[in-house]
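Presented below are the structures under discussion, each in the form of structure tokens.
Below, chain A partners chain B and then partners chain C, in two separate complexes.
Moving on, here comes the complex of A and B:
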């Protein structure tokens, strides 16, 4: 195998790969856009909600944390239509699955952050005469977000990588494109290595941001 | 209506009906008094201050402040027993673990409540805050975050934050217990300054030397009761109750050894 021919082979398929990456980013970002707020709301319900709502939220989180994403994708794609007659179509069922999975894992991160703020900060708010309309947006929320950001960003990376599974339900994401090209050209080494490097490059960049944030920002505040 | 400054009547609080932290506490306080509350751990000292701040739900009893009904035990009230929230604004409290807001600067910590809860203009609140910080020798730390301060500085900022709200009485709950020994003096020094300015205070502390120095009156609590209530000169040299004498013997002995 020769490096120059390998690179020119990859270059020929660049469009297909980038289209795949575009789809991967599309699914991931929609999953994040729905999943992150969902996770935050679920964490609040689990901490101080109505007992029935709390039970529903906990069941949801445990099911999605405790089953493989691949099974979840298949379930929404194959079982939901068969059981309830609701056919979401493959795009919607994929996004739904990713959003629900993201909601479940990020609700745990938010919950931990909310818990870590603790009763003493709340006592201080009362002693300073801060009503909830002040203490929540100016004291509780900023600290929750700051503390949750590192784990939430790690969750984003997890979702980005797990999204490769959507190729199994026929979504033309980066993984799917890579596999297709590999199969049709019988040259899996170049193409799968390139695919892996693209995933790695993006995931690694985000992980670096997390490290930088933790070291510069959180350490400075000693949060 | 009595015109007593602070009046605590028959205050009772238990956890789960089993542990009686406050078991019928009664006392009155005049303005400018400095009451130091001492006693073994679990005797209800901190809980007493927390009740006066309105942080705890009480089972029975009432608290009046400046002749006004403030806190009363009421059946069917789940959250707190506050009768009059406006009264609470006259009370300031400082905690053992500083409880500064870590995401705000020193100045941000001070002006949050005046601006957001009391509607003071940012300019006026900032000016008052800077004056106060200057008085405490902390003006050069105004833009620092709490995480960058020493424990003593943090606690002085916490005191400044409470003072900026112009409280009529300050409650200090073991404010030097979390400090390194060499930092205790700067915080106690600030409290002594407040004493000179005739601030009314209630102080829970384990530091008997400081208690002796700052108190106009000492209350010894045990098992949720007030066992003895006397001026510091009396209680430290000639306690009336054997339990007080026993307690003082233990803590002062430990203090001289360590």
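Moving on, here comes the complex of A and C:
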């Protein structure tokens, strides 16, 4: 097995891998688009609100953080259709699971950010006589978002990585395509390594951005 | 419920098999957690050492395992390690290897973040008191770093418990695997998967309570 044949072998299967990558990115981005706002809303509900709503939000977050994503996927694939009596379709079930998981983990990040804002900020708002409709959007919210961005971004990477699990329920994402090609050609090393490298390349770049942001953010805090 | 009636007897009759799966899950989690706690610390020391090659190896190891999905790591190790190294281990050992290295990478980052979180004034104080670098590490930095790292290490362990569900995909008879095979045997996916989810949840919940408690104590201590 030499490098040239390995590379040409990979080149033959590039389209299949890219289709898989496309699906992975599609599931991830839809999961993010629904999950991030959901997480923010849930964190606000948990922070201040109706006791019943708060209990529902807490239960939701604890259930999705306390069970493996794989179990969640299987549950949504096999149990929800039977319970509702309607077939949701594979793509809908996948995206629903990923979005709900993302909502749960990012609500925790938002909550931590909300909590990390010092009481003196709120005291200062009161001292300056700012009403809530001014202090929330101009004082609390910008700081919350700024603090939550690094964790939210790493949550995005987590979701991207967790999305490989959808291959277990037969969705044709990058992992699924990689495994299929590996099984049918009996050459797992090239394909699986390439798959791993694609995941690595994307996740690593995002992680670098997070680190960069965190560092510039730390500088800003010290000013 | 659209014509689907909950059958509790399925849950009870499947419990023995689920419990045998749970034993495997707990065994995997336990062994890997220990590997992660010790290995993570060693890798963290390597990543912060002055010897460049050691540092590079550690950093590459950490980034590789943090930036690829755990599923890809497990599949890669199952398919490619026998090919590359010509060694054939039993599946359980391979799973321990994959999950152990994964948690090691994450724990190393947790330790590193904790060490970096120690304010530089402590280092200055050590210099002022004339402590040697060994004494500084052992008596000043280490105790604080371990304390600071505890919540993250525990969170990582909860994550590990949930990651172990992935080994079901490579046919290790853990809790998830037993759940899957029972669900197909009995045609009662709702009962089985809900029970499986419940078991994982019950295991994670007390651990996450402990994390919350530790964080509170730490905050009180540091304030």
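Throughout what follows, the second predicted complex is superposed on the first by the 218 of 223 C-alpha atoms of A that agree within 3 Å, B and C clash if a C-alpha of one lies under 4 Å from a C-alpha of the other, contacts with A are read in each partner's own complex, and residues count from 1 in each chain.
Quick note on the criterion: a contact is a pair of C-beta atoms (placed from the backbone, for glycine too) under 8 Å apart; a residue touches a chain by one contact, two chains touch by 3 or more.
The model shown is predicted, which means the values in this text are computed figures rather than measured ones.
Student: For the overlay on chain A, clash or fit between chain B and chain C?
Tutor: Here the two partners, once superposed via chain A, fit next to each other without clashing.
Student: Once the two structures are placed together by chain A, how many degrees is the angle at chain A between chain B and chain C, based on Cα centres and rounded to a multiple of 10?
Tutor: Taking chain A as the apex, chain B and chain C sit 90 degrees apart.
Student: Should A:129 be classified as contacting the first partner (chain B), the second (chain C), both, or neither?
Tutor: First partner only.
Student: Quick one: classify A:192 as touching chain B (first), chain C (second), both or neither.
Tutor: After superposing on A, A:192 lies in contact with chain C but is clear of chain B.
Student: So, A:72: does it touch chain B (first), chain C (second), both, or neither?
Tutor: second
Student: For A:54, select first, second, both or neither according to whether it touches chain B, chain C, the two together, or no partner.
Tutor: Neither: A:54 stays clear of chain B and chain C.
Student: After superposition on the shared chain, which partner residues are touched by A:143: those of chain B (first), chain C (second), both, or neither?
Tutor: The answer is first: A:143 touches chain B but not chain C.
Student: Contact-wise, after the overlay, does A:82 reach chain B, chain C, both or neither (first, second, both, neither)?
Tutor: In the superposed model, A:82 contacts chain C only, not chain B.
Student: Hey, is it chain B or chain C that touches more of chain A?
Tutor: The larger set of chain A residues in touch belongs to C.
Student: Chain B to chain C: minimum CA distance in the overlay, Å?
Tutor: Closest C-alpha pair between chain B and chain C: 14 Å.
Student: Which positions of chain A touch chain B when the two form their complex?
Tutor: 120-121, 123-124, 126-131, 134, 138-139, 142-143, 146, 220-223
Student: Inside the complex, what are the residues of chain A that reach chain C?
Tutor: Interface residues on chain A, with respect to chain C: 62-63, 65-72, 74-75, 78-79, 82-85, 157, 161-165, 167-168, 175, 178-179, 182, 188-189, 192-193, 195-196, 199-200, 203-204, 207.
Student: If we count contacts the way the header does, which residues on chain B are in touch with chain A in the complex?
Tutor: 50, 53-55, 88-89, 91-93, 95, 97, 99-103, 112-113, 116-118, 145-148, 161-162, 165
Student: Once bound in the complex, which stretches of chain C touch chain A?
Tutor: Residues 1-4, 63-64, 66-73, 75-76, 79-80, 83-84, 158, 162-166, 168-169, 176, 179-180, 183, 189-190, 193-194, 196-197, 200-201, 204-205, 208 of chain C touch chain A in their complex.
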